[in-house]
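Here is the structure we will look at.
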Amino acid sequence: MTVVKSTIPESARQVTGDALQSTLVDLLGLSLIGKQAHWNLVGPRFRSIHLQLDEVVTAAREFSDTVAERSAALGLPPDGRPETIASAFTLPGPKEGWVRDTEVVGVMVESLEAAIGRLRERITATDEADPVTQDLLITITAELEKQRWMFDAENWPKDS
Amino acid sequence: MTVVKSTIPESARQVTGDALQSTLVDLLGLSLIGKQAHWNLVGPRFRSIHLQLDEVVTAAREFSDTVAERSAALGLPPDGRPETIASAFTLPGPKEGWVRDTEVVGVMVESLEAAIGRLRERITATDEADPVTQDLLITITAELEKQRWMFDAENWPKDS
Amino acid sequence: MTVVKSTIPESARQVTGDALQSTLVDLLGLSLIGKQAHWNLVGPRFRSIHLQLDEVVTAAREFSDTVAERSAALGLPPDGRPETIASAFTLPGPKEGWVRDTEVVGVMVESLEAAIGRLRERITATDEADPVTQDLLITITAELEKQRWMFDAENWPKDS
Amino acid sequence: MTVVKSTIPESARQVTGDALQSTLVDLLGLSLIGKQAHWNLVGPRFRSIHLQLDEVVTAAREFSDTVAERSAALGLPPDGRPETIASAFTLPGPKEGWVRDTEVVGVMVESLEAAIGRLRERITATDEADPVTQDLLITITAELEKQRWMFDAENWPKDS
Amino acid sequence: MTVVKSTIPESARQVTGDALQSTLVDLLGLSLIGKQAHWNLVGPRFRSIHLQLDEVVTAAREFSDTVAERSAALGLPPDGRPETIASAFTLPGPKEGWVRDTEVVGVMVESLEAAIGRLRERITATDEADPVTQDLLITITAELEKQRWMFDAENWPKDS
Amino acid sequence: MTVVKSTIPESARQVTGDALQSTLVDLLGLSLIGKQAHWNLVGPRFRSIHLQLDEVVTAAREFSDTVAERSAALGLPPDGRPETIASAFTLPGPKEGWVRDTEVVGVMVESLEAAIGRLRERITATDEADPVTQDLLITITAELEKQRWMFDAENWPKDS
Amino acid sequence: MTVVKSTIPESARQVTGDALQSTLVDLLGLSLIGKQAHWNLVGPRFRSIHLQLDEVVTAAREFSDTVAERSAALGLPPDGRPETIASAFTLPGPKEGWVRDTEVVGVMVESLEAAIGRLRERITATDEADPVTQDLLITITAELEKQRWMFDAENWPKDS
Amino acid sequence: MTVVKSTIPESARQVTGDALQSTLVDLLGLSLIGKQAHWNLVGPRFRSIHLQLDEVVTAAREFSDTVAERSAALGLPPDGRPETIASAFTLPGPKEGWVRDTEVVGVMVESLEAAIGRLRERITATDEADPVTQDLLITITAELEKQRWMFDAENWPKDS
Amino acid sequence: MTVVKSTIPESARQVTGDALQSTLVDLLGLSLIGKQAHWNLVGPRFRSIHLQLDEVVTAAREFSDTVAERSAALGLPPDGRPETIASAFTLPGPKEGWVRDTEVVGVMVESLEAAIGRLRERITATDEADPVTQDLLITITAELEKQRWMFDAENWPKDS
Amino acid sequence: MTVVKSTIPESARQVTGDALQSTLVDLLGLSLIGKQAHWNLVGPRFRSIHLQLDEVVTAAREFSDTVAERSAALGLPPDGRPETIASAFTLPGPKEGWVRDTEVVGVMVESLEAAIGRLRERITATDEADPVTQDLLITITAELEKQRWMFDAENWPKDS
Amino acid sequence: MTVVKSTIPESARQVTGDALQSTLVDLLGLSLIGKQAHWNLVGPRFRSIHLQLDEVVTAAREFSDTVAERSAALGLPPDGRPETIASAFTLPGPKEGWVRDTEVVGVMVESLEAAIGRLRERITATDEADPVTQDLLITITAELEKQRWMFDAENWPKDS
Amino acid sequence: MTVVKSTIPESARQVTGDALQSTLVDLLGLSLIGKQAHWNLVGPRFRSIHLQLDEVVTAAREFSDTVAERSAALGLPPDGRPETIASAFTLPGPKEGWVRDTEVVGVMVESLEAAIGRLRERITATDEADPVTQDLLITITAELEKQRWMFDAENWPKDS
């Protein structure tokens, strides 16, 4: 017996559900590694990067809530438990302990870039299945691409 | 060579650092399982519990930031990476998939109770080592005890 | 002689206009039956559902304004007069007089579900005709699906 | 068996209930025709009248909520369903399609004037029955008379 | 020698003063028993009722201030001391210790109903004596009747 | 030919119009003498009275606007021109030049008392003619009686 | 014996005091005639001009307070009593009763223009005497010239 | 069977519960006598003391809520019913009727001083039993000592 | 060597970059001509159109920022320098000097219409290349079409 | 025939008009090059300079509005069209494409310095002609000098 | 080598720098003695003067920031170090320990008066050197003269 | 004769008073040197450090007020006069004139570290004497340790 009924057909539910669940994991993971870098950052650009990382965390937290609630709205229970994130999250993040500012900027560019690549695949995948979900993924991509640019612009010249 | 210098003596740093690191894990874990329950909740009290869980999540997120920054302030780099939480978090949480409201209330009472028990031990442990950290742990305990009471009051009679 | 000129070609105007006009009627109707339930509700979940219904009403009112103004922007005068709503509105709503909370939850799930089904058809229909209108319909669908989920989650187990 | 008990005697309930129910219909109807005019207005005074109509709509919506909740508070379930408004609403409103600004101003003066006349009768009718309801009707009359004046002042000279 | 002079004639002062003083006691008493229930409530509707009670308390506190200051404005010193409330307050309230949610809803319906009955008598009594005071009592009655309805609607079916 | 039409019958218009016009003059006059005292006050209670006078001015200005717009709403053009106020205003006010704080308190008590006496007569006069206007006069009286009390309480013992 | 001492020399006080006192009268008068026009306005531009007049009134009231307090700060008690304004105010204003919008626009242009001319003379007069007062008069002139322009721009073509 | 479970051991519960219950009574009593003085105050310092008393009332109300909820959180149902306050409240307060400002200042100094003395005893008593409760009592003491100082500073020279 | 890396393939970058750069020029140009009209407007509808133009300017400025940052986010440096706007901006705008209100309304309808036509082409062009950019262009089109409608509705009858 | 009349004599109008028109061009140009740098900036100080540039843009936009409206207020239509800015703007700005942070800081120091030099000449020029305009130019200079200092302080040591 | 370059000529820099540096010392000193009086005040006007002193402190702190940043903007490093204030500050202030309210009022009148006298000399001194700095000094003088008046008005009769 | 009475015993007053007075001097001194550095800072990190210093100043000012008022609340008049700060303040601060950003960061780490060391001694010293004061010192230490960490993190690698 169905708990929460879906408003999209059976055929569309699998691809949409996968897209939302993996986006949820990426966003929760990003919010955790963003905070990790926010706390362990050292170097002359400490304050600038410290504040910028909180913007990534705020965006990631808000989008994770929207993504999970969208999944529930489609009758697909989202999974954001600690063990799920730890096993499913694959984006690069800062190593343990203090991290130099240049290093943090580099790892955020990489991590956001990987997240964006995965989101773009899901935008294509959900095009037929559910345009409502696709529209949400497009919105998230726009924000993460903006964040990625700002870290990348900060990262120049590459060897500084 | 020290990266960030500590303002408390060597002898006090170990116990304070342990108290803060394990509190950080408990709070980050609570914020994740609180959201998990927030999304997967079903039952006639859905809206009430859905909103109440967000208050737990908000408190847990804000305290986790204060706790991690206090650790950094003492020269001890905090660790809130996904893999750390997954391996170190031991409080009970909701199972995968949809969860009935009565069940959520029950698991939150248990989880908060366990967190409080652990915090009270750390309050005792840090009494000598660092009264500033102790004061923060007292503040967190007050809030979690208030949250626990509200779920417990909601949980009566036990078999409803 | 044209009063307000359209910025989309003649061929696209009919389908877009129909989609917007019928969405307008659905939203104005939803705002009226949402308030009707908000006022006539009785039962132990009175306060929770009373507040939740106002969120539906607020969303329906705001979207109805956007939809009607989009219709006007395309040179198509929208029709939201009492007699038009009464004759064109077909979604289920609460019966006259006091209504039990369980009943209200059930009728809102049904009514929102019917509205969503109709919106999804219009999303498909406007895909070629006007992507700007389609984008608006997608946004409305996302919100109504979220509202529907929350009533459905509240509606469990079905016989409670 | 009574669902919601009344705090006024049986004798007073009929006249008070009638006054509230017909006021509710007038206000909900006004909110719908106010929006209809807001969307379909054309002419050199578009922006001024467009904004002024929204003030009427806002007032009508807020008062309709207060009136309906007052009815419920007296144990009389209010009726604001689409079919009720369509059949019971008798105030003049704008015709279908685009409407010239001068015409809108004229129809709003007429419609508000009719509403005020009906409210003044109900103020007299409820004087004995329920001074609390009467006080609410007085407040609504004050606001609608203010709105009517502003449209009437805008309407001068009559043939402009 | 008069301390604060009255702006109403001697003949009107007694009835107005009595109406205000007894209303003051009822409102201060309501604010205390509302908080008592707010704190001692248990049961599955804990959060809903807990929040609703605070709305009663807020209203009762604000009105008590207006009522007492109106009494002072008429040259009649109001009396809201603990011993006065304890001896003069006669409305029903929750018993000592934890109280079940259904019981709280019931006692609030009764207590508000008794307060309303007493206010309606004072509205009649002050009609001649002081229309300004009467208008204040009408405003308070409207709010308490609204609060009473919401608890009564929540109280259905009576045996739930 | 009528410019702005009245919604009350011919017979009621004279008494209502007179009540509103003379109230308008009293309020505009009060706002001017309140500011005069606010600026010319000297004495150890300067700051307290300086701030309190601004509350009288704010109230008088807001009520004057409501009163004048109510008059216009009834088709009776209000008159608040400088020469009208100067010739029609009869309440006592501060003399020219610096004024001692005790003196200001005394003159405000007198001036507000006179204004209240006149308002109470108009409340009686408009009872039949227009309950909407009467309700506004009651509201103004409540506020001015509150202000009068506060100056009178400040004025004790009379010879201090 | 001096009540409030002046911080500018005897020689400068006369010219500065005259400039401030006559500016005070102009501003209080402008605030009264602005409101008079705000209430008695009729014509198709009612709403636009009605709102614009309130901006003049707000500016005039705020500046009148600053001007009067500046006068007091220089040890010169300002005079803003009703009789003073009536006898000293010389700027043109609206006639009694309803006034057509075109006429209001015209009279506001004239009245502001006259006020500006007088202010520019006082700017010159206070140049030597008190640069602090001069700076205030410059600020007021900037605002009144802006208001005058907006009415003048609205007044085109002159015969419309 | 326990309704709300305690998170502190049996041995600590008695002393903590007593400290919280008697603090609750003191704070609710203070909020009532603070308002009593706020309303019945007369004398040249009326406005200053009137406003200052509201700060005491606001603080007392907020702390009473925190104290009562802390008691509930420890499984100890708080008691703030009118009869409890009347019988248990022992701090000095203003007598019935109008009270001179100097007298109010004196009684507030005494009443706050007595409250502080009792709080300091409870701070010592709860040191072992519950550091979380102790921390709350410390916070309350800081605020009441600040309020006491301000009344005491106002009270100088004693015979003024 | 690349400065800011792109997250879309080489093939998609040209069409997306062109769409964004030409939209940037259109929006910056619109913000400049909107302000030009805002300042140089004359005629009886001055205030209405003056305020409406600022809404166009605000929208154009905010969208220009989003568009330029989106271009940067894709690794394509945007160009909004004065000389670029002057040479690339092709939409119609107001002539030099004072402009009559009817003329301003007409030119804004034309200018917005031209901008919309160009945006709709870019929506089609970017459909394959970058759905994220397309979504942004859709949002901008919706707003400009709304603005265009309001000027067009104001523009009726065409010869007024 | 004059459209908007001037309140300063013919002789003063030319110099004042020139000062305002050239200031308008400088400010609009600064707002465009500030945004250009805001978008195209790269380097380790990206975030700091990115945010600081927006403060320049905000100030330049607000002052450009005040300057243009002051010009209109003096009867002199301001010119801020794209072609005017492009031909009349002479301050240095960033080159096309990405720009290194050090370079941006340098060019902003130069550009603001040039703008300040020109403003100081206009302050002298308008001293006799119009002290109101002069006062506005002084205010703008103060803000631009503050901005210039902050970029200059950031620019040290010059070769970093 | 110059660190921050000046935008005024060498000749003007000395007098402007001296004016700003001595104003900075006066303002920082005023903020310290204002707080000293705020804390140590006793007497029946405690609350009034306590709050008024904080307005002086707030103004002095904000102006000190503007003055110091203006100095930096002119290439002249400001000096606000503790030892500088202590040695250069010459205005009268409260003595050590508790201070009676009458005494505080007196000393604030004297201290502000001395500060104003010094500011007026600097206004004259900077007239040629830098009108931007002069304008800032005029603004500060206006505020301090307003504060001085309010203490002086409070100080009447002198022997009270 | 005592002016403000103390609520702690004679024996505890000396140590508590010393702790508060020396903390007051440290905080007022920190607020002055923080501003000094805020104004005189140069170097590529200007904006970041400029803003961060203002957070130190804000915290230092707010805590200084709380500390001084706590001292007064205990009957001990605080001393924050310029000469007291100059002679008693011993923490390191920036030298006169422009200071390089790296140098400022270094001196702030040192100064905050010294302040923290002194605070920790006072926390120990007041443990017995006054837990309320101790709690305040703990709160201040937490904030200063957070500020110190952020400057220290910014200070890495030490030789950058």
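Things to note:
So that you can tell them apart, the chains are marked A, B, C, D, E, F, G, H, I, J, K and L in the order they are listed, and the count of residues begins at 1 in each.
Criterion: contacts are C-beta pairs under 8 Å (C-beta built on N, C-alpha and C of every residue); 3 or more make two chains touch, one makes a residue touch a chain.
To keep track of the chains, here are their UniProt names: A, B, C, D, E, F, G, H, I, J, K, L = Starvation-induced DNA protecting protein.
Keep in mind that this is a model prediction, so the values were computed, not measured.
Touching subunit H and subunit J together: K, L. Here the repeat of A-L among A-B, K-L or J-L is J-L, since over half of its contact pairs match by residue number.
Looking at C-D and B-H, the interface holding more C-beta pairs in contact is that of C-D.
With centres set at the average Cα position, the gap from subunit B to subunit C is 41 Å.
Centre-to-centre spacing of subunit B and subunit L amounts to 32 Å, using the average Cα coordinate of each chain. Averaging Cα coordinates per chain places subunit E and subunit H 23 Å apart.
Between the CA-based centres of subunit D and subunit K the separation comes to 59 Å, rounded to the whole angstrom.
Counting only residues that touch two or more partner chains, subunit B has 3-4, 42, 45, 48, 69, 72, 98, 135, 153, 156. Listed by label, the pairs of touching chains are A-B, A-C, A-I, A-J, A-L, B-C, B-E, B-H, B-L, C-D, C-E, C-I, D-E, D-F, D-G, D-I, E-F, E-H, F-G, F-H, F-K, G-I, G-J, G-K, H-K, H-L, I-J, J-K, J-L, K-L.
If you check the complex, the residues on subunit I that touch subunit C are 113, 116-117, 120, 123, 134-135, 138-139, 141-142, 145-146, 148-149, 152-153, 156. For subunit C in complex with subunit E, the touching residues are 41-48, 50, 98, 100.
Interface residues of subunit K facing subunit F in the complex, by the touch rule stated above, are 45, 48-49, 51-52, 102, 150, 153-154, 156-157, 160. Interface residues of subunit K, counted against subunit L in their complex, comprise 3-4, 28-29, 32-33, 35-36, 39-40, 42, 61, 64-65, 68-69, 71-72, 77-83, 85-87, 89, 93-94, 96-98.
Interface residues of subunit H facing subunit B in the complex, by the touch rule stated above, are 3-5, 7, 69-70, 72-75, 131-132, 135-136.
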